[in-house]
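In the two assemblies presented below, chain A is common to both, partnered first by chain B and then by chain C.
Moving on to the complex of A and B:
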């Protein structure tokens, strides 16, 4: 009986260890915050009265989203990614979703990998015509009437791509097509975390649609967590 | 068979005239100071055209009834002077009618399009682009800042191409997606096309004017009734043309001022 209990305890310990090992990052982590200094441009309310089915979805008008800030000068919708130091990776099988809802792109900034399947859907009662404007990838624009099937697309080169709707001029979003899986988009309070980085030297880049990009080098040894913060200069106009 | 055709002609003619004569099609409400002249001109045109149409059709029916089944073998009689005289008479009659309509109608037209607006007219600029209208008010300084097409950034709410970083005048310009105007005040609307040809049409204002890319056209009008009316694009401008519209909001002066103040705070 005692032997059996010993076995069970051993098995349980093993299981717990396995869970811990699995949950632990297999390398170092780079984390930090993106903030701004200065006065960012005032975001303007969007008048959608010409599209009543969209206008009624917003109790108060939504605003433009070219600069989205959080408390304590934090900056959202910044793509933070490893621009050098890791090899290019194949796309994961997971599909990323981009939605048109209330005549707005959700999310405003969508990051995904080269050749990863992008699924674009229209939840509105009106037609949209999605038109991403790449410079190095193939350009296309597609109409999507209400109730139609999602559109599947892929991009085969890394690029930041502005997205517009050919029918609703105020609709604006961004695709960030990444070379590897080490990226994050700041949400809420400007925070980001890039995990699972094996020991080595990396270049971390932060990209913002209005403020451009900036990079910092960081060296990771073991499973340490390094802090990298970015500060963008905001302009009122 | 000929007599049957004559009967059908009379029935079709009278049935077509009936809804017009009895005013079955109601005109949309007229909210402009010049609209009555346009309506009168339309009524005159409809009356003249209507009389000519009904008269010609009934005359045709009469001749068909009288002569279609003739089998007595007698020679056809022509009007003296032959076909040439008939054609010439028709030309003169129709020409006179068209000329008369033109001479009578030029006043209605010229009052809207060929007279300058009053000096105190409220200037508003409209920009038409695929597939929306935007309107710009000069703001506190009373001046429109220059436009820089390269600065147009619709995702950022910069529909006109303003450059507030370098043009101080641009900072107070008010941009809205609805044309809001005060009642009983003359509006001088400057039309500017961003991309292709569009058209500004408000049926209640009895105004329709094309936007032509590269040309600065203008309109002036005075709205006399408050309310919300539809502005539609009436020039096929592309895939989303069906969806290109905006609203005209005619407000009492004090409501307009409040609206303008609220918009100014948003810029």
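Moving on to the complex of A and C:
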């Protein structure tokens, strides 16, 4: 009986705690900028003459996107995420979309969570084959002719996965499969912000498809905003 | 005396080394009435397979650097010839069939010389290399409906699909494996790979019957640029494509080719694509 009472009290405390955690203001934030030093590789214009239906969609040829930079040496398409300090989270219900348009992947880097539904669509007048090349997750390769229904897929393990289309060899993208919801992809001026972090110690990792990854530890107390900046060494090739 | 002891010790250590990585492998395979056991399969593997597929089954055997199409990496557990949808594990029977057949155009021979039991044991052992065999089930084999009667409409419709699905982008308009994207293709090991040349070959990698060809469209060849059309073609369309592809095999007799050649258009086309000339090469025209 006593044991049972203790048990109940424990449960009640837990429930109260859960409510408190839930009702708590958003917690701390880690924000910052990703920049590079050195000279990044020059992006080459893509020759789409073999696929006229795509070529005509681009007034000027688009370039490769292995390194995308902004002003003041900022670096885009970097996935910044909490790699340690946060428990793994279940996938949100919302669907992430990956589009093939003008023989280009939009977005170039798509981050989503483990087991989150990924929807791939083809807006082009040509067939594409979507061929992600995972090492940890299972590998599949599907054809998607124009006008066909979107493909729904999921990945059940965290991984950075290069994506390509074998028919149009210049098409290249990346999936970033994340363990938790604390991630961001730098867009525009290399800026990122990871909000809603409860007080604690975290490891923040930044990943770039050409320059690899780097990590920094950060401690958050209260609802403060900590600044973490990443600098990648650019390679000229 | 001490020499003998040392030898005995060495043998023990070597034995332990061979066995250690797989101690916990109680993996089995089931092919019809056959039950394969990984324990027996291990012995066979280290006799016949590891020279290419490697000690750890990762395709990094001693011979691997000399092979053009790299040996299968069993740790990655991505398999080309399956009866199951793209991205899923093959059935035991699929792996068994691959051992019987071998892989045309690669260094993997047919293991027809082994007994059925041997092959079943090998399949069981191959399944110990990747943890996926413990966490995932083999995919559900795709159903292959009965082949419809061969007609000219079927061939013609297959021809339209060959254009519409853009098969020619890799396989070329005449099926010679020389389409505009062909030269850029790489497999998942980043090795250059050629699309199948229908005009030259008669055997396919995953079996040569019409049913085998049908399966290829719907399952794709995982680990290569050949995608699955499982979500985008209807069963009857896939059969039409099979019938059309047979007409691209101008040097391989088939009912489809015979029917195609019985028309004026088909006869002219096949005649123009056949290689004429002598075996020594003089007077060769294409």
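Keep in mind that, in the parts below, the second predicted complex is superposed on the first by the 212 of 237 C-alpha atoms of A that agree within 3 Å, B and C clash if a C-alpha of one lies under 4 Å from a C-alpha of the other, contacts with A are read in each partner's own complex, and residues count from 1 in each chain.
The rule is short, and it goes like this: contacts are C-beta pairs under 8 Å (C-beta built on N, C-alpha and C of every residue); 3 or more make two chains touch, one makes a residue touch a chain.
Not measured: the values here are computed from a predicted model.
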*Fit or clash - chain C, chain B, common chain A*: clash
*If you stack the two complexes on chain A, which partner ends up touching A:126: first (chain B), second (chain C), both, or neither?*
both
*asked:* If we overlay the two complexes on their shared chain A, which of chain B and chain C does A:66 touch? Say first, second, both or neither.
replied: first
*In the overlay, answer first, second, both or neither for which of chain B and chain C A:45 touches.*
first
*What is the contact status of A:143 with respect to chain B (first) and chain C (second): first, second, both, or neither?*
both
*Return first, second, both or neither, reflecting whether A:135 touches chain B, chain C, both chains, or no partner chain.*
second
*For A:162, is the partner it touches chain B (first), chain C (second), both, or none of the two (neither)?*
first
_First, second, both or neither for A:179, with chain B first and chain C second_ = neither
*asked:* Just to be sure I read the superposition right, which of the two partners does A:33 touch: chain B = first, chain C = second, or both, or neither?
replied: neither
*Of the two partners chain B and chain C, indicate the one touching more residues belonging to chain A.*
B
*Hey, which part of chain C ends up inside chain B in the overlay, 152-160, 170-178 or 206-214?*
170-178
_chain B/chain C common contact set on chain A_ = 50, 126-127, 129, 143, 166-169
*Complex contact set, residues of chain A against chain B*: 41-51, 64, 66, 126-127, 129, 143, 162, 164, 166-173, 210, 235, 237
_Interface residues, chain C side, partner chain A - complex_ = 76-78, 85-88, 132, 136, 164-166, 169-170, 180-181, 184-185, 188, 220, 222-232
*Within the complex, which stretch of chain A touches chain C?*
50, 126-127, 129-131, 133, 135, 138-145, 148-149, 151, 166-169
*Contact residues on chain B for chain A in the complex?*
129-133, 153-157, 159, 164-165, 171, 176-178, 239-240, 243-247, 266-267
